[in-house]
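Look at the two complexes coming up: chain A is in both, with chain B in one and chain C in the other.
Right, the complex of A and B next:
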């Protein structure tokens, strides 16, 4: 009972559940057609029908229906209300392949509700298949293929149908991956016509191709002949016999063949004429082949009437024809080598191995004969391709034959001329040019008959010797290519030698490249000469190893740092070029490129700077200036010389000669001790007593006097003493220039003007005959020359007292300082040299001075001499007095006078006993 | 006599009805020489024992211990060459078609004794070839005028004894099958010779007049000219020389 209740409950649950779900899933309407497939470009109409129940529930009818495609509402113009429950929509010219179409209603005025939806698939019906063809591969089943036509965008099935007149075969349905071909399930039956066609079908239609009717045997592609073999014949070196096994199809049909052959190293095939192989056969003999040559063969077959297909090619088979005697004599040439034996020559006979197509077999050896003029023939058998023999200087004839298993070649004959033979008659118009990746040589033959030509060539290189290769050409040839292993970008030196019956002719040479390339290196340019506005550049010719071709021209590129580059083309024969119109004092960068026919290569860059001045330009300026200066100086000197009196008058007026002063004359007992030339006259009426006159000729550098030293001392003293010592009457020029001007500028100027010659006039008060005057009296000189400081300050003369004892150690530094004061008007170097001279001279002068002093002192007795000695001692050990200084000076002056200085006025001291009034 | 005539004409009538009653399928070649050449080549091919007999002997183990010597054609199993040569073309075709039909039936029976699938496949190919041969006979019969009329008797065909008596043991059955196949190959050789003669007569008639020769041949075959619709088709044949296979 309980079980029953449970069952009932479950049943009711299921019932209500199902009912409710059914209510939920039950649509309000439906669309017809349900799953439409329409043709692209066609019209399509769909109808949506609402259910009555739904219409009542939602209070809608067909007017409330609206359509959507791919969620886009379709315009109402395309709707048609069929009745209360049905509405249709029409599409024209459908272009989309896949359309989602939904029928919708608007409930309660605002809620859109989907009623039903369908998917419209568009496409095209299949086109009629074309080009149906079938093939029967031997041993396999028939396969047919066709062109399916346009794309349908729908699933389209192709079915291959076939039948006999009395029987129908099973359909052959295409596989998805090969929709355009199909292989039938049954074996082909030969000699029974079969009819074949293709049906293409999709949702929009079915179409059938044209029927083809054929005998399958006419569509056969046979298997290729197999076991192809090749055999030669000892009797005939030009034939090879082929044998093979036909495929089993030959039991049904006759076959024809294609037989192709080639030499082993060839790439193209030759074919036996088809008419010779137009029927079923099992062998074939190929003729007209080259002896001792390996040939490769292949064969294929097809139905002899030409229906069907050619089989694939058989496997290749090869065979070698039998040997024949060499068909040509070897190329034959010689080289003369120097021999150490007098009267003999070493001749190397060389020849080339015959190519296989001329050797016609394996060359066993060569036979060489050598015949001297009118002598017996000598035979030699050589295995090599060269043979060296010593022969006399006579003319020889050599022959060469090559021998193989079958026989000998014809003999190659070569005339080796006598030692003194002069070769003539060369070829003319020799040319060499590359063509088709070969180096061709062309020449014009001489007028006389030529037996053959010998072409020799080698690579020109700076690094390796020229190793020659050679080849021989017939006498009728005037153009050939070099049959060697030539390299590109190498310079070949090619020589052509015509060989006449009596010997070789003259040789002609030419250079050529198989293929040119740009140079590996560019030329290195440098300057040979650089001028202000031009530069001469020079460079070396490129080595042949880097030329890679014929250098056609050079291009020089030069530029400044900021300027544009300028290019200049230069002929290849030049190694020098002058760049002109350059800017002076400018840095130039120059490089150079060499060009072959194939391009160029730049060399390294070189820089140079143009000078600011051209060569000689400085000299042209300096020399005239110097000359002008010298001329001016000369004129000045001449002028000064001419006007010296005037100049002297203005600049350096004459100082009255104290010796001719009135004082001197005033002392009638004083005879004129010296003739002072004009001064004597000038001051002839002068009267002075005890007047000593010091005249320093400063201009005379070479012969300084003790007065110079005195002035040195004065200078030194001046340095030591405090400033401001000026007598107002006179002073040294040196002091005047260095001292901070206590003296007036006029005085300074005056001092400077008198720096050349300074005249001192000192009136020395001296007692007569050792009597010391009580009062020192000065007598004024007529001279305007200022007096020395020492005259004004007797204490300064103490330095002079030491001269006698320290003359040898005269402080050079002080002397230099004096010279230094002259620095303003003289160069330093001259000062220095001059100071040295002066220094040395002074030492000598002082020695002489001492001697003179002693000479002078002797007439005055030993007492005076003694006095001098005492003075010296006193100078050395005790304080000096003015009188002592004065005496010393006087003595010094007199010594200087004795030396006979014409232009110097040495101080004349009237001493006691020394001045003898007349 | 009347019954004999009926007996003779009945198979022809049946065959003729059979030809006519065949559904319209692939069209036959309308080139008589070509079709004749196909028949000749088929016969030449099928006469070779390696196409069937050798397979059977090997599969049945009859190639040992000299058993092959016992595989001889049973006389009367197939029409002799002479008998075939005496038949008119139409009757010859009819006889050929009937005989090959019997062969197919016998092969179906022999098939049960061939265990190897490979051999069965080959046997299937042989049967397909025979069916193809029969297709060409049908087509040739289409080309021959008056195919439904004949008064000639049909020679004895293997159809009278399509299968050995069931009382024979296996060996005997195999040997009988071997003998049958031996007779089959001999029969096909004879058929090939007949078709070769057809080809020779065609060549002779061509040399004189293609049209007349064919017509004469047709008359010699004692065929009425009622079926004139075929004549133009035959006349088209000389236009094509390529299909004429040489002997």
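Right, the complex of A and C next:
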């Protein structure tokens, strides 16, 4: 029961659902026509009819209908309200192929609802097929084809219809992929006219082509003749006979033929005249062929009256004509080879094999005859194409004939001139040029009659010898091409020799290329000479193997690293070139290209640097400088030579040997050699180079102060160290004084101490320049006079006093120094300047200076001495007055004035107003 | 025989001849209506001659092909087995008028066509692998169809003969194999003999 209830419920649900869906699927109206196919460009009207039920439900009528095409509303001007339920729309000149047309209503004033829709398909009716034609391939069924006409945009069926006068054949329906042709199902029947036409039909119409009526035999394309064979004739070397089997159609129709032939290596066909093959046949003899030549044949046929189609070509068949005697004598030439036998020559006779069209068969051998002038003939049979024979130096005549199975050729005659024959009469205006991928040679014939010309050529190469090839031309020829396997980019040396009746003429040669190409290598440039602003470049001519053509010119490209490249064209005959206007001290890169008619090739790049100076420029500077230097040196030497005394006095003065001096000569009885008038004079004589040291042995027991001793010790050491340079010459002179002449700060005190005591002085002479003094002389000073220096130069004493006052008391040990050589201490500074410098030294400086002196190590030679001298000067002239400075100037001037005076190293104590030793 | 021609042959033609080649062609009065699908070609007689030549040219080859295909004893007993001993073969008078000759030709070709149909049917059964023979038989039958069309067109267009009564050969369907082969060979022998005469007559 429950199950029944459930089933009823389900059934009701399905029923109501179906009803409601049915209501929904039921359209509100419909369009007429349902599936229109319209011709393009025509008018079309569609009507939409609303259902009453729908109109009531939506409260609409035909006025509410609006149309759409492809979702675009159509203007209402195209609508027509037919009645309350129907509205139509009209299209004029339909151009679209496929239109979606819908009928719509607007319900409740705003909701657009689609009522119905149709698709309008547009197209064109078929055009009348034209150019209907049929072909009957023999053994196959008839096939017809036609032009279908314009595109219809609709599915169009083409049907080929055919019939006899008495019966109709089945239609031939075209296949979808070949709508313009159709092959009938039945076999063709010849000699019965058949009428054929095509019907083209689509939704917009059906059209029929023109009927054609024909006998199928007039549309036949026969099968080609088969089993074509070729045979020759021993009687006639110029004919070949063709035989073949005709197709079966030949049994009831006549045929005509096309026969074509060519030689085996030819590409174009020759054809037998059609009138010779205008009827049915099974064989044909081809004439006027070349002997011993292979020919290829082919044949085709068609209906005799020319109706129908030519068959395809048959398979090719070939045959060789029979041999004939050689038609031409071989090309004949000779080469003379050196022979070791005196009076004989080795002659190599050479000839060319005849080409097949001249040999007319297989050449079996060659017959050579050789006839010495007015002697009997000699016969030789040769299988090769060359023959070497030793002949005398006389003139010979050689003949050559080629022999084949049928016979001999004509004889080629060659005159081998005598040994001493002088060849003359060459060809002129010899030219060689490439044309049509061949190398042509042209010349002007000599005036004399020429039997033939011999052209020889070979490839010029640096690596291989020139292997000659040759050919012969008739005497009437003056233009030919080289018949050999010529290569491109090779240089050929071509010679032309005219051959006269009495022998060969002289040869003319020319070089040529079959085809030029750019060189395969560029020239390698290098510098021959590089100057400051120019460089001479040189290069080698390119080897002929890499030239690939005639070198027309060179181009030199050079540039600096940053500069633009400059190109210079150079004639091909040159092998060097000078680049000018170069910049000095610059890196240049240069390369070179060689050009033929077909292009150029760059060589490797070469780098060079221009020098900074031109050649000889350095010499031009150095040599004058050296000369100037030499001149200056020479002048200096001359000057020195002239001023040698003065220089000698300054650099290496004559130093008397103290060992040879005699104190006794100081005796008052001994008159002075010079009259020294003044102490200035003495200074002048002594100069500052004359340093005299007098070491005075003090008897004083008084011990010196330690510092004094130290100072004194230092001074002594210095003095010792300077003994080698300044001997005691000054000392000896000073020692002769009644009192020691001092220049140190101890001088004052020493002067005071010596005033009341007898003084002994020791003359220390350590020798000049390591000369050992012979004896140490002690002399006793008997004088109690104060030193004249002290008397006459109170300033100095005062100076010393001043110094002493600052230093304190000195020990009795005295030392004396006469610093006479200001030049040595500071030779660059004048006395005046030096004095001024010294005058600027204050006391503190002086003390510091003394302290420095004490710190300096002692035995240092001249440098030490120099320092010491400076200090001495400082000691002597430290706190100095103006007057002292002025006086020093005077001394300097006097010294200069006295340069010319003879030098005297007499004791300097002998002075104006001085005393005489007792 | 008349009964046979009136009953069996039309059936054979319907079954084995193509394109209505065996439709009855009774001899009709001269003034009977004669209609063709399209006008007949003006060169009909030439075509008929060519067709006869075509048939004549291939008749001997067909005969040889046939008896060769049948095997022994036929090739070596042609006189006995393949002699032209065909009864009721339509007559032909070469010296008669063209119309008569055409009518007689029509009957001969109709007779031969029907017989070739029977032979072709039998050979497809007896020598199914003799394709060359089958092809030759079909080709000959096709030529005869064309010849009938031309003759009828000529009779119709020129002599207004729309119908010609024809006679057909014996039915071989009930014969044994040898009899079928023998009847076929005899017919082809007769055909070779007659067609040469007829071709010569036109």
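To be clear about the criterion, the second predicted complex is superposed on the first by the 593 of 918 C-alpha atoms of A that agree within 3 Å, B and C clash if a C-alpha of one lies under 4 Å from a C-alpha of the other, contacts with A are read in each partner's own complex, and residues count from 1 in each chain.
Throughout what follows, contacts are C-beta pairs under 8 Å (C-beta built on N, C-alpha and C of every residue); 3 or more make two chains touch, one makes a residue touch a chain.
The structure presented is a predicted model; accordingly, all values stated were derived computationally and were not measured.
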item: Chain B versus chain C as contact partner of A:195, first or second or both or neither; value: both
item: First (chain B), second (chain C), both or neither touched by A:305; value: first
item: First (chain B), second (chain C), both or neither touched by A:373; value: neither
item: Shared chain A surface residues [contacts with chain B and with chain C]; value: 163-168, 186-187, 189-193, 195, 213, 215, 251-252
item: Chain A-touching residues of chain C, taken from the complex the two chains share; value: 18-20, 36-41, 43, 47-48, 50-51, 53-54, 57-58, 138-139, 142-143, 145-150, 152-153
item: Contact set on chain B toward chain A in their complex; value: 22, 25-29, 37-39, 41-42, 45, 48, 125, 128-129, 131-136, 138-139, 142, 242
item: Residue ranges of chain A in contact with chain C within the complex; value: 163-169, 186-187, 189-193, 195, 211, 213, 215, 217, 251-253
item: Complex interface listing, chain A residues touching chain B; value: 162-168, 186-187, 189-195, 213, 215, 251-252, 305
